[in-house]
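Presented below are the structures under discussion, each in the form of structure tokens.
Common to both upcoming complexes is chain A, partnered first by chain B, then by chain C.
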Partner chain A sequence: MSDVASQAGRVIDAGAIRAGTSNAPGKTAWRIAWGVALVVFVMLWLFGKPVAGWAFDVPRAWRIPVQRWISDAMKWLVDDASFGLFSFTDLTRFLATLVEVPYRLVLGLLSTGIMDGRGSSAQEILPPLSWLAVIGVVALMGYFAGGRRLAFIVGGCFVFLAVFGQWDSAMVTLASILIAVPIGVVGGLLLGLAAFRWRAVDIALRPLLDLMQTVPVFAYLVPILFLFGFGPTSAIVATIVYALPPMTRISLLALKGVPDEVHELGRMTGCSRRQMTWRILVPSAMPGLMIGVNQVIMLSLNMVIIASMIGAGGLGFDVLAALRRLDIGAGFEAGLAIVALAIALDRLSQAFAARRPEHVAAGAGEKNLLARHPYTVAGLALIVAGGLAGLVAAPLQSYPEALQISTGTLGSDLVSWININFFDQLEAVKNALLLNVLIPVKRFLTSLPWVGVTGLLALAGLRLGGWRLALLVSVLSCLIAFTGQWEKAMITVYLCGISVVIASLVGIPIGVLAAGRERLWKFVELVVDTLQTLPSFVYLMPAVMLFRVGDFTAMIAVVAYAVAPAIRYTAYGLRRVDPQLVEAGVVAGATPWQLLTKIRLKLALPEILLGVNQTVMLALSMLVITALVGTRDLGQEVYIALTKADTGRGLVAGLSVAFIAIIADRLISAGANRIRARLGLPEGEGGHR
Partner chain B sequence: MTQPSSTTATQDPSAGDGPPKLECRSVWKLFGAGGETYRVDALDAADNAALARAGLVGAVRNVNLGVREGEIFVIMGLSGSGKSTLVRCLSRLVEPTSGEILFNGENLLDASAKRMIEIRRHHMGMVFQHFALLPHMSVLGNVAFPLEVQGVPRAEREARARKMIELVGLDGREAFYPRELSGGQQQRVGIARSLAVEPELWFLDEPFSALDPLIRREMQDEFIRLQSVLRKTIVFITHDFDEAIRLADRIAIMKDGAVVQTGTPEDLVLRPADAYVAEFTRGVSRSKVVRVASVMQPGEPSSAAPSVMENVPVAEAAPLFADGVQELCVTGRDQRPVGRLSRQAVADVMMLG
Partner chain C sequence: MTHARPAAAILSALLVATTLSVAPARSAENDDPIRLTLHDWTGQLITTRIMGEVLQKAGYNIEYVQADYIAQFAGLKTGDLHVAMEIWETTGRDALDEATATGKVENLGDSGMLAVEEWWYPSYMKELCPGLPNWEALKSDACAEAFATAETSPKGRYLGAPVTWGGYDDERVEALELPFEVVHAGTDAALFAELESAYQRKAPVLLWVYAPHWAPRKYQGEWVEFPKYEKACYEDPAWGSNPDMAYDCGKPRGPIWKVAWSGVKDKWPGAHKAISAFSVDNDEMGGMITEVDLDGKSVEDVVAGWMERNTDRWSGWIK
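== the complex of A and B ==
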């Protein structure tokens, strides 16, 4: 079969070459088209307002009242919808119970203790696990998966939680994750399997997954809040919904990555469908699936923190409360606790993903229980011993308060020290940027006519990806305009655009520097990896500490959050350049600078573009969260909708953000693919993570 | 060239009589949109242009083959010649566009999905180019896997798997995982696994192509040894003509989806059907291919002459002339003399290279 594929490949190659040669005369035509379009655009912008006001501001009569439709539909769902035997509300209540019961159990084990009865009359049947036992168990898991070093890291992170008095909140957060992750993983795997088996499911899921991954997280919260009410259950539901799409996508990729021969093996040995799926495909795809599990864990952590807005409690709530009080010290501590938890979970799940089976010496079968399952037995022993010890001595049950350390004053002191000594400098930077860059760009963008912008986007789409892309781009941008979101969308574009430019200006040079230096790259990679595991919430704290609230603070937080892919992809792209080409350059007598600009950067360009694409996606998702520090864009719109539980408003604004993301993603990816094709490089994987 | 005696040249030394075990009658496989419904019966196998006009690729074009019981049938072709697709058609991993595939007289293309599972479970084994070992299972688990799929109880299937592991010389490695083994060892596991169900029909799809040349040679010897014990009916795919010559009882050479020539290695070397086949055989040393039976003369030799089997290559008979012997006694399978081999006839073949 591969023979045929290669033949087909050759045919396509020939086609590409022909297309390449016919491109040359078209170039001038395109240049003229762009010139004409720009002139028309500028004319419209400068002189169009009195003549065609509708081109700047969509008249009220033209607007599509989607917000009202959605809100009405949701109301109908909750109040009237029924499946005959039971109503829609019954269904959501049932789902909520499905999640709530195991959550209460895990929460009881980790934090509150298993209770009998309700309220003040509740009696403790079983105390929660002793903090020592929990640390022991996670350290054991670390030792099992990654040896002594990992045990030390993971155990250390949990000790940190106890010592800094974040234990209880962290356990609440951990309990939510322990419930959300298995459901998310299994659900994603099943969806992935369905999409793998039935092409129709794949085709139906694809755009849905795209949309779900670009809709900002807050927008998820609004309908879930409406359907499930305020509380940890809806937070977990939101987390699952958020973590499903990436798991589905990764499952599908992993399943598609199983070699043809392995499929054939299954058929040649006469596997039934079920045997094929569970004995052959899923085990063979396991390494890929484990990467998905790691992703789900990290996304769940991120979401559980954000979902504190709809009652998740735990560390996220502590950060949120501190942000609202502007209590820098407390927020900083909770933020650090999130970082510790994130690092522990990330390293642990990565180590489990990287584990490969190894043979044991012969005769292992006859050994006793302890020898066969040393880790399970030791873990259970630790839990029992911890529980018994906790009954005797309270400090062994929960970490003694007297020994807690607080950085509370330290954080605040540091900030006030910075603010006292560097206030003028910080203010000067902030004001200079605000006055000279941010505000002019904002004014410029918000004054543009939507008709003109849509036209230019469509032209870019046509040039980069053909008429399909042009159509997609213009329809999405019209939808934003006709739902009355244009002005807020432009503010989003302005903040996102400036943040991306700054992030690229910072990130790409770092990537270039690190790419060629092995030790620096190791260090940068570690930093970037760690930055990417941190939940987005964490980035707000230091920005607010230094610059208080406003657009500038939002921009700093967005840049910090979104810089990682710019660094990573630049370095990857440069490192993946064929060394023979670089050698060819050296032999031709190129200086290092010429090597960089004429060979390495040129060839790494598609990769760098993908990095910028990722930066845009991350910036957009972070931008919505910065609504907390007082921006005026679509994010704020979603946030307001959240506080009012106004589903229509929230979804429309959220979808507008998603549309901006999709437009940017498709245009940049199409551009990257064009360059790739021109350089003769293999087609890259899609821009999504 | 010496005149090969025409009566014995076409005789296949190891083939049994009777109908072929596996027969493939005018099998076509077209790839491309609409390939399933394209009418091929009006089409000449040589007419590639008509297919290209329809936007189709003829991966297998009008192939007719018969594989006899107990023989090693090698399908040789360069990459893109359709040999992999053909072997997948034979096992119905790929659904042929048209034709018939008869296994013990039963047309596989008419078999239901259930019957096909049955046939594959009990009568077919396959070895893959890239081994296709399941990474999460030990050697023992991998070899026992086909039996596990059938629902054979654990103790029994592990006992049988251990026997197969011993057969391929991997005893002591039962608990190892595939990634802990070298390429050659991994393919031994693949071979043991394909033999675990004791199949009548054994497919090997370029089993040694992914191995280093030295290991490849060793595995070929191993394969010859195994076959001398097992006497399976084998369809062996390779792109390496030397490998084909070494292992085959008969070879089918494929080009662009069609079979160019089928015959014993000797046939191909001595009577290539066209320039394409001749190109392959040019570098092959004649003496290693031509069998004694092809160059012997009829008649009784003198009683003192050393004897040689009629089906060994001339190169193996040559050393027997070392002590000034002028003539060899050629014996058939039943050890009875069937002719005599002169020093001159052997020298003629050796001088051809």
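== the complex of A and C ==
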């Protein structure tokens, strides 16, 4: 959004550098501006309250009743909105059926069996696929896409599901993923294509995508429930809304990246518009598009827990139920099953993305069916054989219970052992941090006047990206204040801010350490993958047992989840540094420490900043989860709204979270671009996933 | 005459056949599945499954749907969902009143269970605060100190329920002038995680516990005895020890209601009757919850056991 502005900023900067000495007055002017702003800010903060109370707390009369507007609009949509022949709810219910029919089919195949009729009196027409057949098919897909090694990994993940007794739930989850992902991918691609073709769509779509990615899911669950009804369909719709934006963004990028020569080729061969799109552009952009597919899969799996709260069932429900009865081991097993599914699907989709299309030899048409489609035929054969075997012997149909293993009470015992033996030490550390860092920061931030904060943000925007950024940032910040969310927003900033600082302090050094060491990196990558897909609820409850309910526990959960991009981007940035520059440093006689701080870290700074940016985004997306351990921020507001089914309240708080995210994203991206420009590096793609 | 006999025989045979086919499955009423909502606590799963099993025995088609406790009212109003087996007087009253006022949702009476929600402490705390369970013991500084943590000291720490449950604990502390700070847990999983943790270490803890639940069965402890709840206490500041504030008493105890979409009565009259008749008491339910949550049995097994033991009872409901 701020591309133009930041570009302009860069040109000015470059001009300043070229002009050499003329750089100095500009800098001085900025220093003075900052000095004046800070003095005004501090004065306002210290002495302003009696004179200008409105600067601290927006008077009730000024507030915009957006909550009521949204709730009324929602009521109208559900009750009255109509297109003449049919009402709006008819339309959404129709869409829900479109999703539900294939879902029932897939669910039937994988889990319940194909049924005639609904409910308990339904008759089974066809039993579900046997577990052996499913494992065989996924292993075959692995073999097809990535050889024996991948077949082994993917098959292993599914065997894990069976052995740990997670099969049935995992198949329910898999069924909803198998429906959500194709819809998300196709929808995302179509939106991407539309944005590629029509600039107006592109411009209209950008802020919408930003909101879809940053508004917490809980905020729009209630309206989705109203419109699409209760049950798995709503959960799938919510998953799609959450998982689709990266697909659109990546398809747009991939389409823009198609080289001119390819366009040229299309025009020379006289392609129609449709041929141009589907025969030329989409296939050329395929590798990029597959990255989008991968993202959709991962984000869909992130939604498993939340989806289960509104009726998706499956593994997410198992995690919630296990932790409700404090069975930590069982919660962990179900959580790890989600990780196993994620790893299997992730590796498979990455392998498909990396596969080069095979050009079919000229004489292929003459071969028989088996030779042309060996994998499809083998897969079908497996399914039929598995089904028949299942009819003969029950253990071949569903994995026998007697062979399942479980960690039993191990998880609970471990936590209880730590609890009994180390609670006092943990408590001491926690109290020290809480009393000396967390609480003072919280008091400080909540005491700041919104007018002053908005002013400082605007100034930062002006400095980093020009007046457009300044305008955007201050408008968003004012909107938070005028909808009456300021105090909760500041508590949000405090919790996320501290978590981001800690996550960066932990993550960046790990990234630095792992960047140059291949084996360590493999291990770190596995840990990071697990942290990102393991539902945080699994470690949230043990954390409550050890650290009690409150901000500290919330902070641990946020750090655990948000540390991943800090590690990833740091390592990525360091690995991208031009080895010749490092070489030059060595030749110049730099010590290893100088090499790291003066050359490698400096050059990797833009990537590291983007990593921090992502850390901020992930920290904000964890807010709603932390509300489950009793924080008092916007996340809790969204959560309360969910449980009270109050659409307006939820969306307003959700939008405030989104605004904070957008402000942080734009400022950090602008900062990263400035640094890039100064270092003479090509501009990055901005702060998006 | 000779023709009449076979005709009568066929007719009676037909009659027998139809009555036979009608008796087990009341297909005359409606074949559509009755949708019962499932939430995420064990007691509710058990009540709902029992009801589902009973309705199935009566020949109804049943479907279970996972739904949020409060958000489900939206579905009950539209007829997307049909039956919710546990709406607690203590936490669901407002939503229930709002829903029944629309006329689209019907209260089918209490389930025989009584919801108890109150401040609760483990028995070992009695040594540190000898006046308990009388609430006035909590007023002393020594007691407050006994329940204090670093963040709340010198005040005591009381772990309240998720804010969404209401309960007026912040007001109660103020009205009764208790030297305590209310900390809200976000979910009940967090609530009992803290209890489990404290109980393992025999550490001080004072928190919101409710019944029927497995916790009061697993842990030794007692409810604090506040002045008994009366309606006037919540509405009239003059009532009770504090003349200026309401909420100077304990929490209300009340039934757990069964709630249904108002269309159920016409669409499945027999089911409507059966659901209205459903009744189990606290002890029975507490026992079943314990079997599931502490002994690790599956909900289905426990429900099947109950069905076996209580054939007379449930067959009375569907008569």
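Definition applied: the second predicted complex is superposed on the first by the 618 of 689 C-alpha atoms of A that agree within 3 Å, B and C clash if a C-alpha of one lies under 4 Å from a C-alpha of the other, contacts with A are read in each partner's own complex, and residues count from 1 in each chain.
FYI, a residue touches a chain if its C-beta (ideal position, glycine included) is under 8 Å from a C-beta of that chain, and two chains touch if they have at least 3 such contacts.
This structure is a prediction, so every number in the text was calculated from the model and none was measured.
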item	value
Touch count on chain A, higher of chain B and chain C	C
Touching partner for A:Leu433 - first (chain B), second (chain C), both, neither	neither
Partner chain(s) touched by A:Gln275 [first = chain B, second = chain C, both, neither]	first
Which of chain B and chain C A:Val201 touches, first, second, both or neither	neither
First (chain B), second (chain C), both or neither touched by A:Pro283	first
Chain B versus chain C as contact partner of A:Tyr639, first or second or both or neither	second
Intersection of chain A interface sets (partners chain B, chain C)	none
Contact set on chain A toward chain B in their complex	1-4, 6-8, 259, 261-262, 264-265, 267-272, 275, 279-280, 283-284, 286-287, 356-362
Chain A to chain C touching residues, read off their complex	117-122, 221-222, 225-226, 229-231, 308-313, 317, 320-321, 323-326, 416, 419-420, 423, 427, 431, 434-435, 439, 540-542, 544-546, 548-550, 626-631, 636, 639-640, 642-645
Complex contact set, residues of chain B against chain A	31, 57, 59, 79-85, 88, 91, 93-94, 117-118, 120-121, 124-126, 128-132, 134-138, 145-146, 148-150, 175-177, 179-180, 197, 203
Of chain C, residues touching chain A in the complex	25, 31-34, 37, 40-42, 52, 56, 60-63, 65-75, 78, 80-81, 95, 149-151, 159, 162-164, 183-194, 196-197, 200-201, 203, 214, 292-293
